[in-house]
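Chain IDs A, B and C follow the sequence of writing; residue 1 opens each chain.
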Amino acid sequence: MSEMHALVRRLYPLCRSITGSGLRRTLEIIGESIPLEISEVPTGTQVLDWTIPKEWNIRDAYIKDSSGTRIVDFAASNLHVVGYSVPVSATMTLEELRPHLHTLPGRPGLVPYRTSYYAETWGFCLSEETLAGMGPGPYEVRIDSTLADGHLTYGEHVIPGRSAEEVLVSCHVCHPSLANDNLAGVAVATRLARLLAREERHYTYRFLFAPGTIGSIAWLARNRDRAGRIRHGIVLACAGDRGPITYKRSRRGDAEIDRVLAHVLRDRPHTLVDFSPYGYDERQYCSPGFDLPVGCLTRTPYAGYPEYHTSADDPDFVTEEAMLDTLDTCVRAFEVLERNRTYVNLSPYGEPQLGRRGLYESLGGRSDTKQAQMAMLWVLNQSDGAHSLLDISERSGLPFDVVADAAQALLVAGLVKE
Amino acid sequence: MSEMHALVRRLYPLCRSITGSGLRRTLEIIGESIPLEISEVPTGTQVLDWTIPKEWNIRDAYIKDSSGTRIVDFAASNLHVVGYSVPVSATMTLEELRPHLHTLPGRPGLVPYRTSYYAETWGFCLSEETLAGMGPGPYEVRIDSTLADGHLTYGEHVIPGRSAEEVLVSCHVCHPSLANDNLAGVAVATRLARLLAREERHYTYRFLFAPGTIGSIAWLARNRDRAGRIRHGIVLACAGDRGPITYKRSRRGDAEIDRVLAHVLRDRPHTLVDFSPYGYDERQYCSPGFDLPVGCLTRTPYAGYPEYHTSADDPDFVTEEAMLDTLDTCVRAFEVLERNRTYVNLSPYGEPQLGRRGLYESLGGRSDTKQAQMAMLWVLNQSDGAHSLLDISERSGLPFDVVADAAQALLVAGLVKE
Amino acid sequence: MSEMHALVRRLYPLCRSITGSGLRRTLEIIGESIPLEISEVPTGTQVLDWTIPKEWNIRDAYIKDSSGTRIVDFAASNLHVVGYSVPVSATMTLEELRPHLHTLPGRPGLVPYRTSYYAETWGFCLSEETLAGMGPGPYEVRIDSTLADGHLTYGEHVIPGRSAEEVLVSCHVCHPSLANDNLAGVAVATRLARLLAREERHYTYRFLFAPGTIGSIAWLARNRDRAGRIRHGIVLACAGDRGPITYKRSRRGDAEIDRVLAHVLRDRPHTLVDFSPYGYDERQYCSPGFDLPVGCLTRTPYAGYPEYHTSADDPDFVTEEAMLDTLDTCVRAFEVLERNRTYVNLSPYGEPQLGRRGLYESLGGRSDTKQAQMAMLWVLNQSDGAHSLLDISERSGLPFDVVADAAQALLVAGLVKE
């Protein structure tokens, strides 16, 4: 019943980063639900304009006061250590330690989330309240981490369809103990993959679980040809908070996926925003060289909620109900994508006589029958090869499903062809 | 003075259908005002996806009670018989008869209009009040009709213009005693044809009086080449009720006829609606194979008034004033079509000196003179071969006639050419 | 401090017309600030559809009453004589004189401005109050003018740029003692030319001071090839009244100059109006044969203020502050034009790693740094050769300068090329 929320809770304690064992363990757990093909990209590999960094692993970290009490303890929350901190083992006064301490002065009870992937440094994140209680020291400071040649890891799950054309669902999996950003996205994607596998599909669906930025860049670098097969895609993030859905359009702005999301969201509270080159991995998919039709589906977007990138983004912040709603949006969008074809009317001169084919109820009356008949007339009228069923649904104001059912009936009757 | 209304009253009692003698007699009466070329298409002829049905004729029909009184009588109103009813002669109880009786429960005093062209059946239409007064029977039930091989009839009136390009005015003539739908349209079209004939025209005008759907389909099937000459067209229907004008755009949506109607209607109450593949014969003209620039001009559109397809749509429901207003709209639209040319400025570098050609009043002052001069400057500035006079009128905000007069003055002065 | 206003006051008393010594003297005075190349076009020269008229010069003019008092005196204001009046020397009663007298009955204290360039006549302009005080006469009436073969004069100032492509600034200089129309425009243009010369420019800037209509037509006739080099242009007029700026778009409507002006004006009170073929010399530049991207920049447009074309349009009507604001608008618009380039991202697959190039501050924080980084991401994302920096500024909502600075930084880093 709360399958997605259970996955969020299980993944939450792991210390993920853009490389390392926490990331690998996360992919293993996802792999229990949906088989993942794992890729390991060695440190130093050139990927597009970037280079795979060293692999980072951490076992323990703390700041101990003179009584031996851990004032700040990695074991309590992995947010306490700045991601990619180099090893430290020293005794320091507060004054010496202070430049390495990060707090949120405006929200004294919360621990911030910080990383420093590409500049070698170290640091601790703690609450302003903890900092306020700290005397002049000295303190025992220790970060038991390693930064060494290794690999960057990502995982893929593919559901083959009748067509080699792909729909991409991409989730970043590099954030440590943060629930909405992005364990909720991971949980929704995992559930979505299982739902989609239940029936035969037109499109091939590719789920990519990769560290943000460098992960999607690595995938793109190693799959340049495959990228060209992506016909539609979404980046799934912040999928579990209580806010309404936000869909950020692809760079193209009017890609089919953009129109489909607008269509399935139109009768519910939602926000549509134009593309901007900031956010999640749509930045990479929508770089001008690739310009893929990939948008970003979230509930409240990044930095749009006060819990963002703090210890308050914990499993209680996300709900199964919200994740189900995000899942439902994806399912409905993909249903439209699957059925959105463009037909050609084979009897385009005048209306074909529907009555003698049993497609026109002379008595009519029931409103769903009338809607179905209107949908047939619309499909016949617009099917000149230039209008998709989504176009027809939008122009006619009829629900997409009714239009698609009408097209199916006309296809069976031999009045239209694909 | 009320010439159109008189025609409505004269045609009203005839029992029209999509074939038969009532239809023929209607065309004869129209032909007294404007000569019609009559076409007879034999039963069984394949026309596009359809087949011409048997011809239906009816002489009498009634339901008599045991006292011999005609409870329901075709002679009182031809709406009482379901169109295309097969012959019946039987004695039946009310219970047996009931499935063949059609009423309007919500409007107990009115008789509905029903047909069954393509499913062989029979029936009577009556008021709910009449039905309520009927005892268990038995009743003598008789429909003296014939459904036999014959012809479908339609009539055309053509006003030749300087150009072989055509403007089509199409009216359905298949409804029996219903005044607004479509005797008012027939009356307006007939008067319009006489008005247009008074002076030489650029376009050739074709008036088509044909039964709905199957009639326009038959015409299109037999005039595929001619259809290609139709540059503009309107389907004229519901032309006499007291509501404001509604213009439904052609499938193209931005055809010249669509822009012209929007232009002539803009300063008066009206409604513009987008094309939909339901309504009158624009459905056929705008099928994707033909995709003709034909819109539909009505006052209140079909099904938009409570009298629609009932005995309340009688001659008192339509007014001469409303028909004159519909006529005026057509006349003004066709005036714009006639004058809407695209010119080329022969002196396009800088403004030509209008003063030395007597085209620029140095003193100015009168506002119509100023408007005329502004119109000349606009025509000169925009006449690069890509902007019609209607474009110029819309861009400048000047009345079309003023712009067209300015173009004429510039043409005479040799400053523009067509 | 009030350099522009001083120029207005100095030029104000001169009796300018479309030809003659007042026009020449005006160009001489402008030439003291910015060197002008003077062109003299002989009477009778065919220029496009027009012919250069005779040159008009005037020395004196008056209406004297019987006591010898000058009731109306050219020496007091050159507006008193209808421009291009032929010589007169006569004694006339008021009744005889009356058809030659022009007043503004609605504004009894003001003297109107009138001309009659192309119809040979003569006349005086005076206030309604003066007229009311005039007895039956007789009056000594004298206009000491000459209308003879001569020349039409215009002046040009060119600031060469790296490119032969030109930006045109055009001012009419044919109005006598009228300050806003157009001495303020002349003063702003003169100051603008000096400002632009201070640094190297991409574009070549051409300033044209010419009589209205016939002057720009003469220039166009003699510079057909050069006209083709004009990439952007503005007609500068009514540049000194206290109203907000109005920009009238070029005929094209979406020329770069049109978008640039809309951009620099967007955060301040202003009005944008579409092109119309009436106003100032944009009428000639935007005639369909040339169709140059030239708009018209004014404060309150012609005929939009009650002082227009009357003696109330005097130096007190215009302010240095308003002229400085007009100047600032021009400067900012030309800055955008100068910097508005289209770049190509040389690393278009994924985002380039800005951090290792020192272009990405890992700590961030300062809002101008964040804006600069967003601008770099936008420039990289949109620089596919189809989007200019102005496009990017408008799509991103970032200030143009920030976007242009970001592009410059990326250019230096070798990440984009022009």
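Here is the rule we use: contacts are C-beta pairs under 8 Å (C-beta built on N, C-alpha and C of every residue); 3 or more make two chains touch, one makes a residue touch a chain.
Predicted model, so just to flag it, every value in this text is computed and none were measured.
Chains that touch both chain A and chain B are the following: C.
Both chain B and chain C derive from one sequence, and where they touch, under half of the residue numbers involved are common to the two copies.
On superposing C-alpha atoms, the copy chain A sits rotated by 120° relative to chain C, to the nearest 5. Between chain B and chain C the centroid-to-centroid distance comes to 56 Å (mean Cα coordinates, whole Å).
Touching of two or more other chains is recorded for no residue of chain C. Interface residues of chain A facing chain C in the complex, by the touch rule stated above, are 48-50, 116, 118-119, 213, 216-217, 220-221, 224, 251, 274, 276-278, 283-284, 286-291. Those residues of chain A lying in contact with chain B across their complex are 345, 347-353, 355-356, 362, 374, 377-378, 380-384, 395-396.
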